[in-house]
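As written, the chains take the letters A, B, C and D, and residue 1 is the first residue of each chain.
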Amino acid sequence: MPFEYTIAVVAIPLFMFLFLGLGGTQMGRKITGVLGVIGMLVTTVLAYGVALTYFFGTGQGQVVDGVRQAITVMNPDWLSFSENLVVRMGIMLDPIAAMMLIVITTVSLMVHLYSLGYMCDHHGHPEKGFQRYYAFLALFTFSMLGLVVATNIFQIFIFFEMVGVSSYLLIGFYYSSPAAVHASKKAFIVTRLADLFFLIGILVLSYYTGTFDFDKLVGNMATAQSAVASAGGATFMGCSVIAWALTFIFIGGAGKSAMYPLHIWLPDAMEGPTPVSALIHAATMVVAGVFLVARLFPLYVIEQGAMDIILVTGAFTAFYAAAIACVQSDIKRALAFSTISQIAFMMTSLAVSSNHSELITIHGGQGLGYMASMFHLFTHAMFKALLFLCAGAIIHAVHSNENSDMHGLHKFMPITSIAFLIGCLAIAGIPPFAGFWSKDEILVAAYERGLGWGLWMSAVAGMTAFYMFRIYLLIFFWKKHKVHTEHEPADQPWTMTLPLIILATISIVAGFVPAAKMFTWDGAALHTQLNWTVAGSSVLIACVGIALAFRLYYKENDLPARMKASAHGLWTAAYHRFYMDELYQFITHKLVFGLLSVPIAWFDRHIIDGTMNLMANVTNQCSFAIRRLQSGSIQAYVYIYLIGALTVAVATIVCVLI
Amino acid sequence: MMIFDNILIYFVIVPVLTLAGLALTNNKGIAAIRAVAVTGATVLVALALYLVYLFLHLRGAGDTSEMLLQTSVTWYEPMNIKLALGVDGVSVVMILLSAFIVFAGVFASWKMDPLPKQFFLWFFLLSTGVFGFFISIDLFTMFMFYEVALIPMYLLIGVWGSGNKNYSAMKLTLMLMGGSAFLMLGLIGIYFHSAPEGQPLTMNLLEIAHNDAIPHEWQYYLFPLTFVGFGVLGAMFPFHTWSPDGHASAPTAVSMLHAGVLMKLGGYGCFRIAIYLMPFAANELAWIFLILTGISIVYGALSACVQTDLKYINAYSSVSHCGMVLFAILMFNTTAMTGAVLQMLSHGLMTALFFALIGMIYGRTHTRDIRKMGGMMHIMPYLGVGYVIAGLASLGLPGLSGFVAEMTIFVGSYMHSDVFHRVLTIAATTSIVVTAVYILRVVGKLLFGEVQDEHHRSLTDATWEERLSTATLILSVVIIGCFPNFFVNIIAPSFEPVVSALESASHMMGM
Amino acid sequence: MNLNILMYLIPSLIMFGCGVYGFITRKNMIAIMISLELMLNAVDINFVVFNRFLFPGQMEGMFFTLFAIAIAAAETALALAIIINVFRAMRNVDITDINRLKF
Amino acid sequence: MESVGNLIVYAVIAIAIIVFSVLTVTTRKILRSATYLLFVLFATAGIYFQLDYEFLGAVQIAVYAGGILVLFVFAIMLTHQPGRDAQLLESRRRWLGILAAVLGVAVCAYALFSHSAMCAATLGQIPDFDIAQLGHWLLSTDKYGYLLPFEAISILLLACIIGGVVIARRR
């Protein structure tokens, strides 16, 4: 399939957005949904065609010396700042872009389909705002696709903003609910703050390298080095400016990818409809940060300082989020923290994939982490979308997010239960499910970087297995389900089941994708083999975690409560997400609003404006004082005039006399 | 007469003819008044579009002179005052902007009551001044049209305004007049140094710039005078306080025209007169004004965060955005200055859109206090969506105009390599976050959430003329946002003379 | 004893003084007009007297007076029309009570 | 040496002017004030006659006494409210008025007396002229021609007529 079809892949969702957004209210709700799904289906087919052609095609110039070349489909100028700094709206295909095309379109199609059933009330009628919902989904898909095929860093920034806005619109979809409005606002502002750093990073980077384009920045290792060299060794506070730029850019990515401490928006974002959470806040948008770092990978490899920051942040976030996920009672939040943890895995994997000594010979160690990260991104998108869609089905059935309202659902919703289990096994890293393969590569890469990093990540992997099964068991087992709504919970209509089945299937088989040959940073195939020690130990740890979860949560018992009581402080802190939200609340409301905005507004009204008013008042007072003379009484005027005239006359006479 | 061959003069003649037409209508015949006003505004839009075409055509044909379509007619021989017309890319886009806003403004004041005829009379007088200002290249005519544009504000706010309108109208007019007093001093000073010893003095901008005869020590006085004079209109800190009160009291269309176009006169004048004619002092004194405008940007945005009146929020946001315009102009490179003009366009359109929507919402709810409103999205979806789009444009969503402008400004500003400019640039960039905060706060409170007042449930959505008015603006915002290069290609070359003048001045300083 | 110029000017001066006094002290607008007429008359007399005594060969004084009389007539007619109108609106012709148009 | 008759006439006129002027501004009844004004105007006309300006005297009587005064009387009648006679203002204002008038008179009188050389001038012969001559002067443009002021006053009168009509018109 010609690569020009990529244009259609990006354009169709945009068209669907405009079409559904402008004309949606004129059409029936159901029709808009169906149209949306059809549009997405076409997009998906085209995207698969393009991606598969890219990976397996042997067209002219596609593979040079065993290296798959990046292909620029189009690259028109969009906005020229100066001769060199030109923002282009291009389409470029390289391994990760092609992979992301598959991920985005797959998950998006599933979500489109799933929403047909999910976004209905219990009579099967579509909800109010159905058209809007599909329009926003299309907008999001467009933005995300535009992001991954970007040819320059500014284009990524542009689409970063776009996905931010579509995420804002979708989280706030139920705009009557204050919680949703608040969550959407928070998500937007936090990511916006991160984008500010991203922007500054871009400014610095583009100033010193004189370009936005990826082919001039990171086309290969040599261009990356010359790009770094073009900064001329400029430093700021002891670090090279490029390292600063890269760090700032990473902060931008960290905002979207919910790295600590910018993760706070993601759990709240679960206020949006669950399919949206599956699409945006589990599978696609949140990996935009990982994608961004992967895009600039060669630069990060050269600037180790920036890479180390990513490593520390990623490793810490992975553990931190996993710890919180262990105690959450809201299943979507628990999944959200799991997402954060998994994305941190990807970040860590990217960051460990370089070692200090050999910067140019990138094969082996350095490429592995990158590949593992991208592979994990791919598999994680599939199984996390599956988990979220299952969660959506459960929530749809019991009308609650809290696992205390669930318990024992296995009997009522067997299909969902099995799908959820597959997802859990995948994320826990049990072979042969998808997650095992990718996570294993990550762990190998981490052990190559250092034993400590490897052990740390293994531990987090074990925690992952534990909390996922905790969630699973608390939902589907633990005790008998108490039916508290008018309907018994049951499996869902086919529109919702079909995506579950498809995604479950993918989650099982995705591990067998020849990732090492596909998702490499430079397009050259990577030769890897299973590291049995690491694989064996990680499976063992996962099994330990699962077993612990079964011991604690399979049947109702008081062990969890006792554990909770024994470490009450820790539990509460973790349940409240270590009070990060409160800290932010304090900083924004108390410090920024209370100490900056309010005083400034006061200052403006009273000091600046007061000065102006004072000037006006002084003038006014003067004129009032003078006004007395202008009494308006003509008799007084005549009198004063006479007095004046007489004075002059008398003065003249006196002068004459003297 | 020669001058009537020039398309530019028709930008003044058309509003004047509209004025005459309005004067002939009956006070009661609202249909006739509307017809005349709409005709005038439509002709202006058509003329503006034709001007853009003509401009591109002439440039395409290889006409590289600094100002195109130049004509001049002597008005007053002894002082060498001429009606000199001419446009470059910047003026062209400003004229286009003005035409669109006048057009939208006419529809936004469709149901103006009382005295619709008189309202439109003053409205078109104001537009006469605005267009006249942008087409002139003679200091005297520029100043004259500037005043023509300012004075009607007093009556428009004082008569048709709301709230504390007398105070606001007075404050606005007095402060702007104070600005023009500075400006007039500056212009007179420029005039008396406009030519080298022994040559006739001139008021023509291009000739003055070409003569470059203003002594450096004089530039130190004249530059601040003119810059502050225009800066007052551009809402530069600390001369911005007319803006919140004035906008809050002004009727919809006047707010639109004022924030949309009139405030741009400030930015336009700053570079066209202050910087272009006095590059030496501009280089030397820029830092003072950079600090002031930098304060404007952050200060306006932070102030907007805690306001509760919709129009105040917008007025403070205008302070921030217009601060950005002046800030970028003072960066003295083509990229930043282009960004400044884009920002003028963008801010003009989106603020006009904001004020139009606020006016429409206020016309229905009779309150502008965001604490008393909520859930408007349910009640008036069209206006709600419009408001969200305006908000997104304001906080810089790609695809809408604000993003393009701000990014151009930031990239341009960052091209300076010294710490002072860098720190200011980074401080200015923080405004994008703060802007997001206050925009989302308003959107969240006003449009989303629960309906606060049960009476609001019975309100209606936009009527056709309101839809037309807002749709025009939204479309313009989207067009600029999606096809920025079209505008950049018109604007950027116009800055070459200014930038080269600045560069040679700084070169001289270096020696 | 000859009739000299002073003998005409003094009554005119007193008339003028009376006019001034009346103008300043009266409240009724019509009375103020009457005082005004007194002053005008005094001036007219002066014109005529100076003309007659000092420049007997010329006619300027007489013509000035002629015109002054015409103008005075016009002015009085107009002023009285205004006063009557004011009276219609306010039911009052006292100058101290009519201050609504002030400032 | 003047004829005695002339002196007597003068004395009567001067006394009338002085007395009636004072009465005009001191009486409390507005209608009386107008009547005293009439006498003053007649006395003024007498001065004109005595100084050989018969035409002027006639105009004075016709326009002032006949026209303006009638207007005054009408205005008084139209605006008169029984029981509300023209009040003098409070005494302070009254004393101020007296002070101003007396001071003014004093200063002017001083000026007059200090130029008593004027008194030497006596009534000379004035050129003979008849009304036709007067009319000719009024409408000519040469020396002693007053066409321009004449026209100006015509326009003024016209404006006054229109103004009077507009103002007095009932809405």
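Some observations on this one:
As a convention for this text, a residue touches a chain if its C-beta (ideal position, glycine included) is under 8 Å from a C-beta of that chain, and two chains touch if they have at least 3 such contacts.
Just so we're clear, the structure is a prediction, and the values are computed from it rather than from any experiment.
Greatest centre-to-centre distance from chain D is found for A, with centres as Cα means. Per-chain Cα centroids separate chain B from chain C by 59 Å. In whole angstrom, the spacing between the mean C-alpha positions of chain B and chain D is 65.
Separating the CA-averaged centres of chain C and chain D is a span of 6 Å.
With centres taken as mean Cα positions, chain B sits 37 Å from chain A.
Annotation for chain A: residues 635, 639, 642 touch two or more other chains.
In chain B, no residue reaches two or more other chains under the touch definition. Annotation for chain C: residues touching 2 or more other chains are 20, 24-25, 96.
The full set of touching chain pairs reads A-B, A-C, A-D, C-D.
The touching residues of chain D, when paired with chain C in their complex, are 1-2, 6-7, 10, 13-14, 17-18, 21-22, 24-25, 30, 33-34, 37, 40-41, 44, 47-48, 51-53, 56, 59-60, 63-64, 67-68, 71-72, 74-76, 78-79, 81, 86-89, 93-94, 96-98, 100-102, 104-105, 108-109, 112-113, 116, 118-127, 129, 137-138, 144, 146, 149, 153, 156-157, 160, 163-164, 167-168.
Across the interface of their complex, chain B is touched by residues 77-82, 85, 87, 154, 158-159, 161-162, 165, 168, 172, 175-176, 178, 181-182, 184-185, 188-189, 192-193, 195-196, 199-200, 203-204, 206-207, 592-593, 596-598, 600-601, 604, 608-609, 611-612, 616 of chain A. Contact residues of chain D toward chain A in the complex are 93, 96-97, 100, 103-104, 107, 110-111. Note for the complex: chain A touches chain C at residues 627, 632-635, 638-639, 642. Interface residues of chain C facing chain D in the complex, by the touch rule stated above, are 1-22, 24-28, 30-31, 33-35, 37-38, 41, 44-45, 48-49, 52-54, 56-59, 62-63, 65-67, 69-78, 80-85, 87, 91, 93, 96.
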